[in-house]
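The structures come next, written out as structure tokens.
Here come two complexes built around chain A, the first alongside chain B, the second alongside chain C.
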Partner chain A sequence: MKTLRLTLAAALLALTCGAAAAQSTLRIGLAEDPDVLDPSLARTYVGRIVFAAFCDKLFDIDAKLNVVPQLALSHETSADGKTVTIKLRPGVKFQDGEPFNAEAAKFSLERHLTVAGSFRKPELAAIDHIDVVDPLTIKIALKSPFSPLIAALTDRAGMMVSPKAAKAEGDKFGLHPVCAGPYKFVERVQQDRIVFEKFQDYWDKANVHIDRVVFLPIVDATVRLANLKSGGLDLIERVLATDIKDVRADKNLKLATALELGYQGIDINVGKGDAAKGPLGQSAKVRQALELAIDRTALNQVVFNGEFVPGNQWVSPENPYYQKAFPVPKRDVAKAKALLKEAGVTAPFDIDFMVPKGAETQAVAEVVQAMAAEVGINMKIRVTEFATSLKQAEQGNYQAFMLAWSGRTDPDGNTYIFFKTGAPQNYMGYKSPEVDKLLDEARVPSDFAARKAIYEKVTKLALEDVPKIYLYHRRILIAHTAKLEGYTQMPDGLVRVVGLKLK
Partner chain B sequence: MLNFLGKRLLQLIPTLFFVSVIIFSLQQLLPGDPATIMAGEDRDPEVIAQIRHQYRLDQPIPVQYVYWVKGVFSGDLGESMRIHVPVLDLIAQKLPVTIQLAAMAFIIALVIGVGAGVLSAVKKGTAWDYAANAFALWGISTPNFWLGIMLIFFFSVKLGWLPAAGYVPLSEDWRASLASTIMPAFVLGNSIAAVLMRHTRSAMLQVLESDYVRTARAKGLTERMVIVKHAMRNALTPVITLGALELGTLLSGAVLTEQIFTIPGFGKLIVDAVFNRDYAVVQGVVLVTATIYIALNLLADIAYILVNPRLRG
Partner chain C sequence: MTDAPFTAALLKSADAVESPLRRALRRLMRRKGAIFGLAIIVLFLAIAIFAPLLTPYDPIVQSWTAVRKPPSALHWFGTDDLGRDILVRVFYGARASLMAGVISVGIALAIGVPLGLAAGTLGGFFDALIGRLTDAMLACPFLILASALAACRGPSLGNAMIAIGVTTTPIFVRLTRGQVLAVNVEEYVAAARAIGNPRWRIALVHILPNILPALLVQATLSIAAAIIAEASLSFLGLGQQPPDPSWGSMLNSAQRFLINAPWMAVWPGLAIFLTVLSFNLVGDGLRDALNPREN
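Our next item is the complex of A and B:
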């Protein structure tokens, strides 16, 4: 038996030893296979993680969500808010050796606006035209003042592509992307791996210490973690909240976290079709009662071992735009029952509660259901496949709908498309002329305090009308080998590879 | 013979047509709008409209079908909406991976299944027999995903002998390639091995009691000669037929196994495509799979005719 085991071990070792790598390679496990690697055509969250390794943007964000320079050095908005002047970093090269300058920046932005199927077009819709002022300065003229623009330029809309490569490749650019980031594209095998190697002429090359970065999509979270533990991967994204204990207990692993920019919540149908006609859709008091029935702290404890953060607004309590005047309300069953009485509703009554399929969302829905039942609201859970649930939400075929949003750095991205009358994600059918006006106003000033004051008014109205109940904010959970040094997690969930070292 | 072949080939046309209609219409029944999914989390209405137009999703389904069939006849299966790669390229990239996996699984199934089957028949009623039967029962009743995760846990996490996921092509490094596929191939082969074992056992038992085996023994042949040269050959004929049938099971089993071990093969391609509503990829993969099945069936029929002249009529 012993010889058999030894032979087996020897045979397996012989099989594996061929795979050892000579260079330093950072292997990153992704939860999905990214979509096309063209910053204009890309749309997935997971794709953004890959872009961060090879495609620098005009601006970036820091841990406190401040806009910091990347390929641009500074920005200045004119007094009327309609012109933005951006100074570019000198001496930057694209990965094909082409220079990055004002012409190239103008080209990239115009490409985002014009290429067929561009997902960046709505993000940059405020742009009227772009002028080259001098080789390192561009001037963006806006149709109307739009302060969220700079935040958009910290993401894919701010990614710069080599004009030469983009012209040569056309709509196939995503198969051989050329940008100005720390690593350059080597190869991609669909659903298997995406390989990058160090770009020798990177503008910040002194801070790039690892030779290669390889992204490997591994869908199952358990298998992803097993790979990290076995040393097959060096870093994984989207660790399950229930695996946190396991990661912390392993001395070979480290956990990096940040609070997400988005939220998890419940949309309430207040104005879409017949389903909105029940007591929940018609009366703000009933919706307030439902909110008061929920114990967010207990929910977080029960489903997520207390690892996430309870919230009641579209940004987390840690976000600079959080309105401290409206703290997370405590559960109050008596008050909830009183509100139902005031609204003239006889409890118990049923609510059609649409919940997208998924272990975590279903668990949250069940806890909410149990809590709501205590005040006499029967949330009838209807588990629905995600794509289908969106279709039904669009048609107003629901009364309550569990829906998450990954979040944007600018508060406009967490509010406008949800609350504005007729906006694409206003599945609630919410209509408030006052909120509409405020949302438009908030797009004008670029001063933080002025904008926060406007959003305070929006928050007050939204919390009174309750078309959405915000529940909690997830932590972005990244686990990596203890051999990896210098890793910090940013709230946008991206994996930044500059400055990392592998021992 | 030629007449027969001609007939069978003619039958292929309506079969494939029928398959293509079914693929196309079933997929339309999938809930959820592909353009909405493609449009990402933002779901901007302008972007959604553009995607619908670009991929002709705004046209009636029969029109979409005609466009697709036209493409198929000119060797163009369309382009993945998600990654903008021609479907034919994707298939060419993935098919060899699954074929390697299936071949390895089949070899494992044959070695284990036939070996254990013969052993338990020859040693009928002994501990060997019971052990082999217990193994078969275990193999049939163990779910693939569980066995897969257990193997990863022991061989990758605990012992660190094998990579837990990923795939290395044979052409790149044959040792690393075998290391990356041995666990999924075992998982895939295991359940088939169990089925083969039970059939081999019953076929062997039958043959071992037949007259010619008794004659062989009476001739004074060694037991080894009797089993290997006389009994096994006859017992294996039905087993090989069964094995060929199980090749189909391998392809469908690969869907789950590839998902667990992150093997970028055919199974993973179609699962991801379904979840992303990447219609062109789903259509292309199913069409190619159906064609492979039909071709295998045709080959099997031809083989039967070659073996059994009575069918040549």
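Our next item is the complex of A and C:
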């Protein structure tokens, strides 16, 4: 009898194991542990990757940055630019079974605007109020025309949350998030894993082929790649540029890339506190000299094996908004020295160069340092922990600051908050009434050519004043096993799981 | 007078005329490990002092055509991610490491020994106060103190040395105080007191010389720990600032290339390993050689 029972138990065990093995799991290696999983409160890039698995947005983007429908079907802006009407997709359910409709959309947008500590508030600040027209239509009334709105709705600001769950959980919603995406939240163990399982009532469930998605934060890029190679992971983000050769040489791996929407650059303190009072902060000529001292092509070659794209504007040379009239300048040491002389500066002089911690960033900083030294600008590197560096930048406690921006689909997201006088990320203390006026103007038209013409003027002014030196644009580098099929990379750097298959 | 604690041992010893110092040296030289350690330390000291004469390369000049080249006749240890010769960077890194080791332990000795001496000889309230203070300091993790210091004074090798020195101090306070209490009851101290010597004189002339052996051993071992600490801080970006080389920061930049360019990590790693091992071997050797109960 006892033997029989044991055999039965063993058989049962084998059966359950068999069932578990049949369930497919996609394991994704992240470079950091994400912050809170509440679309209103989240602020990290890595968090956006996780959201893409479980939180659908009103709109999405395609590979060419066109806005395409997701939870919304269409949008229409009134002639005066002050009303946007959005038609919603019918038959959509949240992961708790609640229906997605105009009331829910209004609730989600209002939550982004009102919840304490919301990082979406500035992105949606132009919204005056939202009206429900019918169960599947909302009308957004704007305080003033704001063409970047739809682009904002392709990201976290467009994420819809279940009103019932959001009301019940309050400020703890991020611990048990409920959205309308392809996977639903199961559990999260801080610094270890975030588990999702297939949502059976997803509106596009025919295209969801994998049962579970697990996100595993592994900070060290080399370790992440080793895990992918050994089969411990199926997909990893942020492969090092210097490992690209390695990934391409491995026939079990595939590399998916897209050029980022953001940039890597150097902020220069031109108007924040005493640190701005040096020659670099006071004279545009000195800043131009620093820019001319830098050989962006060599920098890219040395640190990134030439895999990234040198750039001199807030969008990459491949972006439709890139201004071709202002190409990437070549290094010119003689001209740089002449500019320093014109500015009446005696070289060499010291610059306090704040550099956020990180091996790649530090390597870039050291190359810039060596290049600048040749024209007599002595960049004294001060390695600072990232969060601290942002705080010091806010206080103006730096002269030059290496800073990256992950980028937005709309050019407004790469310019307004950096150049507008007093804007939150204007760490440079840049003040230009002309630029301020142009930035506001660029928010009005929704026509591409008209906006590009305005941004051309902004580009000219910004490149002359040089409050920021743009260096290069990274490639988003995602590596996955050859067993994973159907993966394509979008320029926003997110990992989209709908349509993926595991062989 | 100063060699009083050894007197008893000396009388029993066959060669009664040998001075304690000579005897300690003789014993030290019998230990192969200690000799090996001493040789390595002397070698690294020589490298640190004569670094500019030993190689034609500059530790901070980058060569963008020779990035991450494996060891060759031209670059014996290979080149790093910015095309700098790793051999010369390891040489200059020895300066940072040895300096950090010696200076931070020097700071700890300079603060810790006087405090320990005072606490041990004065006793009472002052002793209790110092005791609580050292307890509090021991409770504060070294990395947290170092990060706090870097945050308010800016990261630099100097600040790293201060942080290491300050966190090493309580060890010396406690050791000194304990030794003072042990020696305080010796007859020669009682004798010195009986003659009417002031307390400071007893502490400095009669007690301090007799507790030096223990301090010497602890200092040597602490240097090893301080070198590791400096490497850790530089690895984290809180110590030596780029472009100046330090073994820790070299390891940090090598981290990304463990698979593609392992030589970037091997040499600084080996250098840290060898110096720390050497200081530990010498420390162990000294402890045995200075132990009066052992022959």
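What we mean here is this: the second predicted complex is superposed on the first by the 483 of 503 C-alpha atoms of A that agree within 3 Å, B and C clash if a C-alpha of one lies under 4 Å from a C-alpha of the other, contacts with A are read in each partner's own complex, and residues count from 1 in each chain.
The rule we apply is simple: a residue touches a chain if its C-beta (ideal position, glycine included) is under 8 Å from a C-beta of that chain, and two chains touch if they have at least 3 such contacts.
The structure displayed is predicted, hence computed values, not measured ones.
Q: In the overlay, answer first, second, both or neither for which of chain B and chain C A:Gly117 touches.
A: first
Q: Of the two partner chains, chain B (first) and chain C (second), which one does A:Asp171 touch, if any: first, second, both, or neither?
A: first
Q: Check whether A:Pro217 is in contact with chain B, with chain C, with both or with neither, and answer first, second, both or neither.
A: Touch partner of A:Pro217: chain B, not chain C.
Q: Touch test for A:Val444: chain B only (first), chain C only (second), both, or neither?
A: Touch status of A:Val444: no partner.
Q: Kindly classify A:Val189 by the partners it touches after superposition: chain B alone (first), chain C alone (second), both, or neither?
A: The first partner, chain B, only.
Q: Who wins on chain A residues touched, chain B or chain C?
A: B
Q: First (chain B), second (chain C), both or neither: which does A:Ala338 touch?
A: In the superposition, A:Ala338 contacts neither chain B nor chain C.
Q: Touching A:Val36 in the superposition: chain B (first), chain C (second), both, neither?
A: first
Q: By the touch definition at the top of the document, which applies to A:Ala141: first (chain B), second (chain C), both, or neither?
A: Neither partner.
Q: Touching A:Ile417, do we find chain B (first), chain C (second), both, or neither?
A: First partner only, chain B.
Q: Taking the two structures together, which residues of chain A meet both chain B and chain C?
A: Residues 220, 222, 226, 385, 388 of chain A touch both chain B and chain C.
Q: Which positions of chain C touch chain A when the two form their complex?
A: 60-62, 64, 67, 81-83, 147, 151, 154-155, 236-238, 241-243, 252-253, 255-260
Q: Give every residue of chain A touching chain B within the complex, in rising order.
A: So the residues of chain A in touch with chain B come to 9, 12-19, 33, 35-36, 38, 41, 43-45, 116-117, 119, 121-122, 171-172, 174-175, 189-193, 216-220, 222-223, 226-227, 229-232, 385-388, 390-391, 394, 405-406, 417, 424-425.
Q: Using the touch definition from the top, list the residues of chain B that touch chain A in their complex.
A: Touching chain A: residues 31-33, 36-47, 50-51, 54, 82-85, 90, 93-94, 149, 152-153, 155-157, 159-168, 173, 175-176, 178-179, 182, 259-262, 264, 268-269, 272, 277 of chain B.
Q: Which of the residues in chain A end up touching chain C in this complex?
A: It comes out as residues 220-222, 225-226, 240, 242-243, 246, 298, 301-303, 357, 359-360, 362-363, 365-367, 369-370, 380-385, 388.
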